[in-house]
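Structures are listed in the sections that come next.
Shared between the two complexes below is subunit A, which has subunit B as its partner in the first and subunit C in the second.
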Partner chain A sequence: MRLFGKYLLILFKSQMQYSTSFWLLSFGQFFIPFSVFAGLYFLFERFGQIQGWDFYEVALCFGVIHMAFAISECLGRGFDTFSGLVANGDFDRLLVRPRSTVLQVLGSKFEFTRIGRLLQSSMVLVWAVSRIDVDWTFAKAMTLLFMIVSGTCIFAGIFILMATMCFWTIQGLEISSIFTDGGREMAQYPLNIYQKWVTRFFTYVIPFGFVNYLPLLFILGRTEGNPLLYVLSPLAGCAFIVPCLLLWRFGVRRYRSTGS
Partner chain B sequence: MRAYVSVFRLRLANGLQYRSAALAGIATQFFWGFIIIMVFQAFYAQAQSPPPLSLSLSQLITYVWLQQAFLSFIMLWFRDNELFQLITSGNIAYELCRPNGIYGFWYAKLLAQRLASAALRCFPILVVALFLPQPYRLVTPADPATFLLFVVTLTLGLLILVSISMLIYISTFITMSAAGSLLMFGVLGEFLAGVVIPIPLMPSWLKSIVYVLPFRLTADLPFRVYSGHIPKWQALELIPLQLLWLAALIGFGKYAMGKALRRVVVQGG
Partner chain C sequence: MITVSGISKSFKVAQRTSGVKSAVKALFRREYTEVAALNDISFSIAPGEIIGYIGPNGAGKSTTIKVMSGILVPDRGSCSIMGYTPWLDRVAYVKNIGVVFGQRSQLWWDVPVIDSFELLRDIYDVPQPEYESNLKLLTETLDLENIIRTPVRQLSLGQRMRCEIAASLLHSPSILFLDEPTIGLDAVSKIAVRQFITRINKEKGVTVILTTHDMNDIEALANRILLIGKGSLLFDGDLNSLRDKYADDSRTGVSSIEEIVVRMYEEYQIS
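Moving on, here comes the complex of A and B:
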């Protein structure tokens, strides 16, 4: 953990060498989700609601998912650009060091510019929380926190999974953006507005349903039965990262250097 | 002129090489298309009476598929890192030595790049979208005249888009930072072109801003002509406006470039 802190410090210093570019990029990163959110706002202004969800409920969902995405993109950038490491053989160097490969890849890159995205999503989240019609209890606050953590785990898991594919394909796969960008875009609305096949896929294969649907029902007080089950449901999302890490370890064992 | 044509052809051939990337892109765009359509479906299912003067759902679905098929015609942020590097690394000096105007040279390059990307992607998407089961199907245009107008407006729209993106490259001469502010410019421009939500669904105060600016002529206009949301006579009226904007943007771009080049600093290193 201390090592990771050192990695971060060094990367932060190196990015700060180009401080204007850094601020401009952060600012730009703020505007990308902002324009999407503005679109969402205008749609609600026109239609009022979406399948029984009102604006602040969807905004809560939006805030959680975008925050989770921003955090995992900050952290998982090293995995996102992992194909470069494999293609030019730099991964060999990581293998000979006496630390875990996951930690080293995590520490190889850290996108501080995503702070803009993080800021935007937290603003949306605060706005939604303050305006939404819910009496907050400790359990509900914890559920919200779990949702963010779990979403981060899922996105991180996808990044790791896609990086693992590089062991076999050498080059990066553009198709991965379906699950990262596409997953984000999809999960910003509550899952039950989609067709059945989409809902099933994103509940049982990639467990976004445990982040943005089941716990959301609990927060809004629309559940029946044991509340504990709903509070803990985001943890199922966290579990997603375990098979991803196992697959990663399997991939590392199979790795053959490109040698260039 | 011949030099520009050959640059154009070279770039086109170059762009057509990336077929597997295009395949992945197609898969991604189908997924996006479906997600966007489902969201709108859910919105429309709730509306008690369709809001006046608005798109019907099938027009909207057509709009979404066309957007996905011609994505490289509507994205402002389709960057050519090569050009940015030319400017920031100082290799611009070589470009300046070439015996033809740099504006036309780059314009041809950017145009070819977009065309190559669209040529690889649009046909599979359009063909599949035409045969999808009912609610998702892309409808064919009402008559040949509509289709013709669609092609004309789309072509002009593409030319306008490239001339806007030329302005982005030119501004790099002044700021020296490729990303950042340009990213913002791109995001704003795309929003005003109706990429995030279609223009007919915007509130009226925003529409009045959008209609003054050239961005909507690039992406929104051709797609609405295709679906018949903009009637033919109105499309005919808008084509001269497109030409006017095109002339203005190219004129301004050439002027700004000339100015930027006069005081260009060749970055060493």
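Moving on, here comes the complex of A and C:
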């Protein structure tokens, strides 16, 4: 963990060599989700609600997912751009260092410019939390925190999964955007507004449903049955990263035996 | 200290033929051929040796280095280095080795060299006193004093290579793998690098395994030569026995080592 901090420090110093580019990119990263959010706002302005969800409820969901996405993109950028690391052979360098490959890939890149996106999503989140019609309790606040952590794990898991594919294909796959960007766009709304199969896919295959839908019901006090299950549901999102890491190890082993 | 026995390794290479038609076909079905990169390689190395590992391009030099440094797992054969099997105990093993890939940098591009060194200290968990004394020694012998605070991207190739070598010795490894350390360097830098390699070998007893195409490197450094061609080990011995075997008797004077190597390549038909 301390070593990860050191990695961040050196990457931060590198980033600061290009400070103009840093500010411009951060600025851009602030406004991309901002325009999406503006779209959301005008949508509700016109229609009032979607399937019984009002604006602030959806905004809460939006804030959580975008924040999770921003954090995971900051941290997991090394996995996102992993194809480059394999293609130019720098992955060999990581293998001759006495540290786990996961830590080293995480430390190979950190996207500081996502601070813009992070800022934007926290503003939305704060706004939604302050306006939403909820009696905040400790349990509910914790659930909200779990939602963000769990969402981060899911996005990170997808990044790792897609990086693992590079061991077979060498080239980066645009397909990953379907699950990361696509997953983000889907999951910024409560999942039950979609078709059944979409909901199922994003609950049981990529468990966004456990992040943005079930715990949201608890926060809004719309639960049936044992509320504890709703509170703990974000754990399923955290668990998602486990098979991803296992697959990663399998990929590394394959890389080392084929050398491709 | 190093025992390599019967290492074989083959790669699957996708067959490519020219033409649009076959390119389209390759999209759906690829034909692979097995290329033997290493074929039953065996040798052993004693502590403190400097080994020159030579052979034409594509002979399998880098693959051997990758197997010995734990990056690749061979198909067959065994390898024991300081009691470790490199590809099994990767993390424990690599603490004891330093690797320089001449064509690739291990330094962080945009920050001063010293920052890279400090991060490497943390990655390898080098105790502070040991780090400081190593850094002092390396700065003096490699003459890094004036360049250590410069960002890597502003260094010349020669300066960078000196830093690369220093970077791979900060954790006082017992074995140093150098994959083409003098590639693209000017005369001054080449000689500086060579002198340094001799020095750490003498003073710290570091075992050095060096691949190169520059026969002057071999002449100046190696007390033993391994020649590899088409994946097989063809010659293992010192420079003099190589000379005796291949020196041109018809002319007066001894052939240059370059000529000797060319003759060897011809004899084994590997060039």
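In this text, the second predicted complex is superposed on the first by the 255 of 260 C-alpha atoms of A that agree within 3 Å, B and C clash if a C-alpha of one lies under 4 Å from a C-alpha of the other, contacts with A are read in each partner's own complex, and residues count from 1 in each chain.
Methods note: contacts are C-beta pairs under 8 Å (C-beta built on N, C-alpha and C of every residue); 3 or more make two chains touch, one makes a residue touch a chain.
If you're wondering where the values come from, they're calculated on a predicted model, not measured in any experiment.
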> A:Lys13 contacts which: subunit B (first), subunit C (second), both, neither?
Replying inline: second
> So, A:Gln51: does it touch subunit B (first), subunit C (second), both, or neither?
Replying inline: first
> Thinking of the overlay built on chain A, is A:Phe138 touched by subunit B (first), by subunit C (second), by both, or by neither?
Replying inline: neither
>> So in the superposed three-chain picture, is A:Tyr204 touching just subunit B, just subunit C, both, or none of them (first/second/both/neither)?
In response: neither
> Can A:Phe27 be said to touch subunit B (first), subunit C (second), both, or neither?
Replying inline: first
> Is the number of subunit A residues in contact higher for subunit B or for subunit C?
Replying inline: B
> What is the contact status of A:Leu95 with respect to subunit B (first) and subunit C (second): first, second, both, or neither?
Replying inline: second
>> Tell me the contact category for A:Gly182 with respect to subunit B and subunit C: first, second, both or neither.
In response: first
>> Contacts for A:Phe42 in the overlay, against subunit B (first) and subunit C (second): which applies, first, second, both or neither?
In response: first
> Looking at subunit A, which of its residues have contacts with both subunit B and subunit C?
Replying inline: none
> Which residues of subunit A touch subunit C in the complex?
Replying inline: 2-3, 6-7, 10, 13-14, 17-18, 88-90, 92-93, 95-100, 253, 256-260
> What does subunit B use to touch subunit A in their complex?
Replying inline: 21, 24-25, 27-28, 31-32, 34-35, 38-39, 42-47, 51, 54, 177, 179-184, 187-188, 190-191, 196-197, 201-203, 206
> Across the complex, what residues on subunit A touch subunit B?
Replying inline: 20-21, 23-25, 27-29, 31-32, 34-36, 38-39, 42-43, 45-52, 173-175, 177-178, 182, 185-186, 189, 193-195, 198
> Okay, in this complex, where on subunit C does subunit A touch?
Replying inline: 9, 11-12, 63, 66, 69-73, 87, 90-92, 94-95, 97, 99, 101, 104, 106, 108-111, 115-116, 118-119, 122-125, 151
